[in-house]
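Listed after this line are the structures, all set down as structure tokens.
Both of the next two complexes hold chain A, though its partner changes from chain B to chain C.
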Partner chain A sequence: MPLGVYVQLLASGLSTGSIYALVGLGLMLAFKGTGVLNFAQGELVTLGAYTALFLSLTTSLPYWAIFILTILVAGVVGIVFERLLVRPLMRAPEFTVVVATLAVGLMIKDALRIAWQESVSSIPSPFADVSVRFGDISINAQYLWVTFCALAIMGMLALFFNNNLAGKAMRAVAQNQTAARLMGIRVNRVFSATFALSSAIAALAGILIAPIHGIEPEMGNVLMKGFVAAVLGGFNSLVGCVIAAFMLGVIETFGGAFFGGLFKDVTAFALLILVLLVRPNGLFGSAEARRV
Partner chain B sequence: MFRLLRTIGPVGVISIATLVIAIVVQPWLGSYFHYIGMLALINAIAAIGLNILTGSAGQISLCNSSFMAIGAYATTYFYTQLGIVYWLSLPIGAILAAACGFILGFPALRLRGFYLAVVTLGFLELTQVLIEQLPDITGGVRGIGSPRPYLFQYKLSNDLAFYYVVLAITLVVIFTAVSLLRSPTGRAFNAIRNNEAVAQTLGIPVARMKIQAFVLSAFYAGLAGGLYSTAVGFIDPLEFGLGTSVRHVIYIVVGGVGSVGGSVVGAVLLTFLPELLRSFKEYNDFVFGGILLVCLLTMPKGLAGLLPKVTGRLWPRSKAVDALGTTVKAVP
Partner chain C sequence: MLEVSHLTAGYARTDVLFDISVRIDAGGFVGVLGSNGAGKTTLLRSISGLTRVSGGAVLFDGKSVNGLAAEAIVDFGLIHVPQGRMLFPDLTIEENLQLGSYRSGARSVYSANLKRVEHYFPILSQRKTQRAGVLSGGEQQMLAIGRALMAEPRLLILDEPSLGLAPRIIDDIFDVLTHINAEGVTILVAEQNAMKVLEHARFVYVLENGRISHSGPSEELARSEAIQKSYLGLA
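Moving on, here comes the complex of A and B:
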């Protein structure tokens, strides 16, 4: 096979991995911040994509404006989601959290299906029809744009958590809510901000994936891949999650190209089981003490 | 007469009345009711299966519909492709599902809570993919037909006839599940759900019991799947997706987590409800999700939890009083 095909597969794999990374980061942020693992995160991705679709159909705004507006709307959605669903669930048993977030996810999916029917649509992207050439090799610019966005988000989050006061407050709340409250941090606001951020990242994934895979109610199925990325990354490291997601995306794409679709679909689950059995704290995580 | 009623208790009276309706009144209802009745009972079996694993042993499972799928496809394959007698194919399907439960039980042993939910969700997606990718056995996304079996040269093509078969199997399932949950095994499940560490110190082999819960739960779900394929006559992967698993969770949450009777009531009620409210048909997932949320937030013990409150008024029992004069609660 010519070198160009390998490079194209790599670009495609990295862009797929970037989407997984964004979903995984959103899950991880919310889980670390509030202790609620959000099984409706996939539907937040779908919701973001449909928001962008709605904006592009009703207004004549350019891609950039839609891009930013959608992320802002998603932030508000995240705040509402946190107030209505997450906060009552914060102290509930894990079973209740899983089932309630799943139920809300199904409701969102069903509402979107009723509103838009099954048709697959897309939003125009300035990158979708452009290809970047390196000598003989050409790569779709959307792939590069997706990968760039995921890396940029990771970098911004890292800066935010290390240097920004609000970011440090979020980390404090994740470590110990009571202590954080005693230090004068408004814990409830931090919860809202966490979910606003998580939902905005999910919506970003939705906008980015739309020109590649199209917008349809089932696109929330990417949730599972996000879980795998977060688990492989150890559920507590930004870089770990992104590296794991890239790995998963590249393995899936190459595996799918060489061994067929079955291999591609089984990879994620096999990796998940393997990592949970061999290294339960992820490839990059550190062991955590558990209170009995 | 009154004394007899008191000895049977409120639950007994309700069960007997329901059973009489299920056996005697059903033939007079339309054939549509025979069909829905079958589905309701099959859902009840699946819910009982999930209830053993999630309600009793406390292990979150989102792949109950996958075990159902394994039972459904295996039964269909053995019956139609290999030509094995249906009454043998059905248990073989359930046993195969139980074997998959056994295999899934091992990774699940080391996991709890959210991680277990994620792994069972992964297993669900894996089964979906396998069904789609192995069209030689499963018919792929186009689905596969599953004909009705013969019982002593008599073909059960009539819905009412097959309804009675399903009813008989359901009664056996209810009886075995109730006995199981009252046995030391059931009490061990309860102990594991309440506190794993304490259960371990009490000498309960936690790992073995958890695997047992997975196997039993998968067996019942597989049985439900085998019956489902025959009752409906056609199966495709869409029938066994996440929506179905969540619906099973809804049955046990509405009926009452941990209660076999509750699972049956939840499954039967919520199978008939959307049929009665036809206009909701299109909004199925939406309505079910709403019911689930309301139930979770307002009555965490489900309908089974409401029962003692209602019957306590209509049916006052002589209360046991201990030495200090406080009322001793009967063990449910």
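Moving on, here comes the complex of A and C:
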């Protein structure tokens, strides 16, 4: 195969990995902040994509306006999600909360299926039909845009958690809620903010993936890949999650190209099992990251 | 400054404290002495809003704080150093101190308070960038007190600061508390360590089975036969 094909596969793999990274980051964020493993995270991706689709069908707003508006709507969705589902179950066993999020995810998926009749749609993106040329090699600009967004979100989250008092307060709440309250931190507000942020990141993934894979009710299944990336990355490290997601995306894409599409999922989970056999805390995790 | 009157409190349907009345004037250094399970922690948690009060009143500056959330009570400058320190183990020492000054009234005096903490606990400034989880027990207690000082406390309440620490460190910590008190911070400390409480606090309440059994100025209690027998191990 010519070199150009390898580069194109790499770009495509990185953009696929970027989507996994965004899903994984959203999952990790909610887990770090509130201890809830949100199995509806995939449907928050779907919901974001459909919000963008709805806006592009009913208004004549440009891509950027739809982009920003969708993320804001998703933030509100996250707050409502936390208020109606997570907070009332905060004292319930963790397993109950996980099953409840799974149930809500299924409800969202089926509601969209009823409303949209399983047809695949898309939203226009200014990057989708543009190619960036490097010498003889041309790469779809949407791939680069998606990868850029994932890296930007990772960078912003890292800055937020390490250099911002609100970010530190979020980490404090995750580590000891009682102590956080004794510092005057409003734990409920931190929970709302965590889910707003997590849902906004999911919606971003939805908008970005739409021009590549289309919008359909099953797109939330990307949750499993995001989860694999987060676990591979150690479930504690933002950078670890993104690197693992990139690896996953690239290996999958090459695996698919060489051995056929069916091998995509096999490679993802084979990689997960292999890594966890050798490093039970993930590639970048540390033992102390375990919840006590 | 703080007035607890006829307080009844506990968990679920079981009360642990009965008809407790405690009073602390501004600038005071008051001790609550009691053995394991006497109700010291519940008393402190009722004052700081972590435990629901089922009867009686807690007044801070004459205003009732009953029913207020713990995170709101903090804004009055009533700062609680909880039992077991409750640090944020994965955050650095510096970040723990920054969160101490999270409350709105403390942010503007951050640097002054940081200087004060570094003056009392120089070891903390040497290890600023290390995670709180790797500190020794004594250092963790220092950080817990340092974090509370960052909150610009008017009333500092501490739950068993001596727990699990070596005698020399306990001495250091109580000396610091005495200095802090001399700077004008009112202090309420709950302890099992009768020696230290009677030495440093000026007024002491003795808690037994959820009730106040004795109270009085420290010198007076230290001479009382009942206290000597039960808490000081003297015949």
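Simple rule for what comes next: the second predicted complex is superposed on the first by the 286 of 292 C-alpha atoms of A that agree within 3 Å, B and C clash if a C-alpha of one lies under 4 Å from a C-alpha of the other, contacts with A are read in each partner's own complex, and residues count from 1 in each chain.
Simple rule for what comes next: a contact is a pair of C-beta atoms (placed from the backbone, for glycine too) under 8 Å apart; a residue touches a chain by one contact, two chains touch by 3 or more.
Note that the structure is predicted; figures quoted are calculated from it, not measured.
Contact-wise, after the overlay, does A:185 reach chain B, chain C, both or neither (first, second, both, neither)?
The answer is second: A:185 touches chain C but not chain B.
Which partner does A:278 contact after superposing on A: first (chain B), second (chain C), both, neither?
Touch status of A:278: no partner.
After the superposition on A, what does A:172 contact: first (chain B), second (chain C), both or neither?
second
Just chain B (first), just chain C (second), both, or neither: which does A:221 touch?
Once the two structures are laid over each other on A, A:221 reaches chain B alone.
By residue count, is chain A touched more by chain B or by chain C?
Touching more residues of chain A than the other partner does is B.
Quick check: in the complex, which residue numbers of chain C touch chain A?
48, 50, 69-72, 74-75, 79-80, 82, 86-91, 95, 98-100, 102-104, 133, 147, 151
Write out the stretch or stretches of chain A touching chain B in their complex.
It comes out as residues 31, 37, 39, 88, 94-100, 102-104, 106-107, 109-111, 114, 221, 224, 227-228, 231, 261-262, 265-266, 268-269, 272-273, 276-277, 280, 292.
Inside the complex, what are the residues of chain A that reach chain C?
These residues of chain A touch chain C: 165, 168-169, 171-172, 175-176, 178-187, 288-289.
Enumerate the contact residues on chain B facing chain A in the complex.
Contact set of chain B toward chain A: 54, 58, 60, 62, 107, 110-111, 113-115, 117-119, 121-123, 125-126, 129-130, 133, 197, 242-243, 246, 249-250, 253, 282-286, 288-290, 292-293, 296-297, 300.
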